[in-house]
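Here the structure is laid out as structure tokens; the discussion comes afterwards.
Which chain is which? They are A, B, C and D, in the order written, and residues in each are numbered from 1.
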Amino acid sequence: MSEMIFHLTCPDQRGIIAQFTQLLYQHKVNVLSLEQHVEPDEGLFFMRAHADLSSMTIPSNALIDLLNEIEGKLSGKLTIHDPLMPLNMAILCTKEQAHVSDLLMKHQSKELNCNIPLVISNHDNLRSSVEQYRIEYYHLPVDAENREFQEKEILSLLKTHNIDIVVLARYMQILSPKIVQQYKGRVINIHHAILPAFKGDMPYHKAWVRGVKMIGATAHYVTEALDEGPIIEQDVESVTHQYSVKEMIQAGRDIERRVLTSAVKAHLQHRILLHGQRTLIFHG
Amino acid sequence: MSEMIFHLTCPDQRGIIAQFTQLLYQHKVNVLSLEQHVEPDEGLFFMRAHADLSSMTIPSNALIDLLNEIEGKLSGKLTIHDPLMPLNMAILCTKEQAHVSDLLMKHQSKELNCNIPLVISNHDNLRSSVEQYRIEYYHLPVDAENREFQEKEILSLLKTHNIDIVVLARYMQILSPKIVQQYKGRVINIHHAILPAFKGDMPYHKAWVRGVKMIGATAHYVTEALDEGPIIEQDVESVTHQYSVKEMIQAGRDIERRVLTSAVKAHLQHRILLHGQRTLIFHG
Amino acid sequence: MSEMIFHLTCPDQRGIIAQFTQLLYQHKVNVLSLEQHVEPDEGLFFMRAHADLSSMTIPSNALIDLLNEIEGKLSGKLTIHDPLMPLNMAILCTKEQAHVSDLLMKHQSKELNCNIPLVISNHDNLRSSVEQYRIEYYHLPVDAENREFQEKEILSLLKTHNIDIVVLARYMQILSPKIVQQYKGRVINIHHAILPAFKGDMPYHKAWVRGVKMIGATAHYVTEALDEGPIIEQDVESVTHQYSVKEMIQAGRDIERRVLTSAVKAHLQHRILLHGQRTLIFHG
Amino acid sequence: MSEMIFHLTCPDQRGIIAQFTQLLYQHKVNVLSLEQHVEPDEGLFFMRAHADLSSMTIPSNALIDLLNEIEGKLSGKLTIHDPLMPLNMAILCTKEQAHVSDLLMKHQSKELNCNIPLVISNHDNLRSSVEQYRIEYYHLPVDAENREFQEKEILSLLKTHNIDIVVLARYMQILSPKIVQQYKGRVINIHHAILPAFKGDMPYHKAWVRGVKMIGATAHYVTEALDEGPIIEQDVESVTHQYSVKEMIQAGRDIERRVLTSAVKAHLQHRILLHGQRTLIFHG
């Protein structure tokens, strides 16, 4: 490992940064960036650090042991990521092309640090636009009867490809609790409204009827409660009474696309820390 | 009357604009601006026109009769406003200064076409900042026992001053149905969230807990259902996990202020048409 | 012709709307939408109307004659478009995929009312991503020596395909005055800055050095003066000191893409009127 | 001193954070927040730390000596601020009320951590709206003949009141190089355009003529080159062809006000580091 990203959560106390950075300094590890955050009401401390190990004077394992020692001393929770080891990402979608294409295009232009071994859809229409990127396309149509079977198929594909993160790019199906639990904090969905407004389906229709003057989109981690998971990113655009539902859907699609891609990027760069229903998004 | 603004709502049909503009043209009335909107699903037509009567060849009353004739023929609903006759506006507030001051400052600099004979508050702290503009300040403290009495006082003050529009500039009390009914479509409230999210009180606290990435404000007409009235204007700003509730409240106050003033301005310029729970905001 | 869009520019005077709508009404033409704008300092009137001719009681040619009669009487300039006759659009690009793909994807999903017979690039890398939409891809590499020859090629291709509108989707070459003159008001470029700031090349580098806190993009009609043509649309995003030039370029690409597509859409829907260096963008 | 904010700029090297935080930890100083930034092309490291000294085991002076020792070792530049010692701020203005009132109102509601001993204007119209806050108002009318004399007066007032920061709240005069040099990095101006576009006077008029679709404002430190100083904050709003210059000015005033107040707030909280013509704005 020649670079490392640490995430630390622990009770707030004196000397947290000092102990970590001192350890790294002793062993000639260079801190490339360090960000911290305190939730004063809860007395919680959060930190993300990105370090360059290329001149390190001890083996990686030894460093990890020393880091874990501090973690224990601080009663904290430390996770370690290797930024040079891209995550494996699966995309689940239906017929909507825009979101999938944006992810694939940005992956190709190296904006997204990941491997995308497969795209799974319950429709077949996006096959050629996916396969042009030499990514496998699985068409798994879903109906009331085969739903359980197809979920097993999906789960099996995720396992086979060692998937680290699942992106629901306007995948209109609700994932079973089984998948959600197994990929907790690793399934990102795009909802086409400014949550918590307009949960569930048909948000643009509801927004039109309610006469809102802004529409938006929300990227969030999927939890078992529908559209209740931790919000990663949101964005909006103004609309007027002149917008039909169809025009709202078209304008919204662009917002959804950029919000989803941006949230996925933050996850892939290990810039997101979870804190209950809240996310901390560091710049990295 | 030397200028006129008409609002028309009627079933969509051929020749609506032609009949109106032809009538005006015949009598040397100049159309300064004309905007229309169609709701195709409902077959409804909406129009706002602003006309200059200074060269008109018939008396105002005669013109109004002729306009009403067309209104009847089209099975429509026509309302006529005199843009040179400023509306009488009352402001209701509590302790928050920003919203009230913005309205008074913009009134003074002629951005708001209205008279503001009075400000009513259940606290006394804004007295001097209101009275410097030579506007009467009524301090009507409210508690559980005198609520009904004070509402009567408010209603009486509104009547005495011939109030056309009531602005709730962070007035934290809920108006009784009686006032709401008497001033239907004429009471504007600012809610400190992007409705329909976070209705009711403490929206910033709720937003913080929910971990939203955008906060906002909504100006709307008050109806008997809390925070359910037609939305006039909304705006938002991005927030991060670094914002405390207090910082959200501070950032939100600026959004509320500009959204409220802008909505009030639209009302005073007769640019808002109501269509059920939706508003049509014309540019004018 | 079963629908018509008129653009009218004329000296402001009484009865313009009346005369047009009266004529349409007489012949059972239904006005679907009508928007007007006055520039008071110049005494100029602008109008866009969209009409449904399906119940019209005279031939199209007769209607056009009558419209031209009013045009003459008003000393105006009237242009007539057929919204059901899609324009022919050519896209010129280099290696950047995002902008081209967005146009093609939205064309495919019927958001853009046009035919796209060809894409021309001085590089070959976008061939497959264009040809998947069954659109011809012309690779015309440009160097100092063949520039003039290639321009002739381009012009010839535009003629052969009866091109109505040319979109420069990050086409990094400057078009010769010859093409610009022949396609005046019909070449749309995307500039990667908030014009008039940072004209010319390398705008993100210049913006980084200047330490701006917002980056943006501008879609404009191309004129002979570089980056000086009438602005159609602009949008921005906030940046911080943490953004490298590369991150600005990535964030900017998304802004450019949505601004360009939106400007092209407005042009294709005949919603843009030109007024010197200014554009009037009607909603339609 | 019971709290401290440090700003550090130094060549990027291993162990910077470690050395500082280790020193603080040894003497029981608690780091409340720490932010850093690296400019890789220049090999420069920037840091802002906010520390709580209330349990410190050595005197403040001793700590400062030890910090300066590290500063020297790192070949850096360290500045120390006391966040509990509010800066003294002077406001210079002309006739525009909105910007001044917003600063005074937010000062009163404790949003701005500063003392405001005086407001200086070349007009007298804002006297009562300033004096209601019990702040001294100096009316120093300027003409071609007395300009030099009045500048001396201003400078003398700034000295007398120990002014730390000067805010030009739409002060339409250009300050002499003398004042600018003496208050380098401590004079904040609001320019009513998205710099570097539309430098100098009448930016809204220029923007209207150019037909821009966005207007905005820029808060920046004043340097001797007009409107060329380091940008602190920018914001924009969309405009349409329907906006007159007057409406642009009105909409722009709201943008200017919020951008100026926000920039001033960042300065007062010692959140701004200067890096040549760029600013680094930390969250604090």
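The rule is short, and it goes like this: a residue touches a chain if its C-beta (ideal position, glycine included) is under 8 Å from a C-beta of that chain, and two chains touch if they have at least 3 such contacts.
Values in this document were obtained by computation on a predicted structure and should not be read as measured data.
Put simply, the chain farthest from subunit B by mean CA position is A. The pairing of subunit A with subunit D is characterised as same-residue: of all residue numbers used at this interface, over half are used by both copies.
Note on interfaces A-C and A-B: more C-beta pairs are in contact across A-B. Separating the CA-averaged centres of subunit A and subunit C is a span of 37 Å. If each chain is reduced to the centroid of its CA atoms, subunit A and subunit B end up 42 Å from each other.
The multi-chain contact residues of subunit C, meaning those touching 2 or more other chains, are 238, 240, 242. Those residues of subunit C lying in contact with subunit D across their complex are 37, 40, 194-198, 209-214, 216, 230-236, 238, 240-242, 244, 275-281. Of all residues in subunit A, only 97-98, 101, 105, 108-109, 111, 128-129, 132, 240, 242, 250, 254, 258, 283 touch subunit C in the complex they form. Note for the complex: subunit A touches subunit D at residues 14-15, 17-19, 21-22, 24-25, 28-36, 38, 55, 238.
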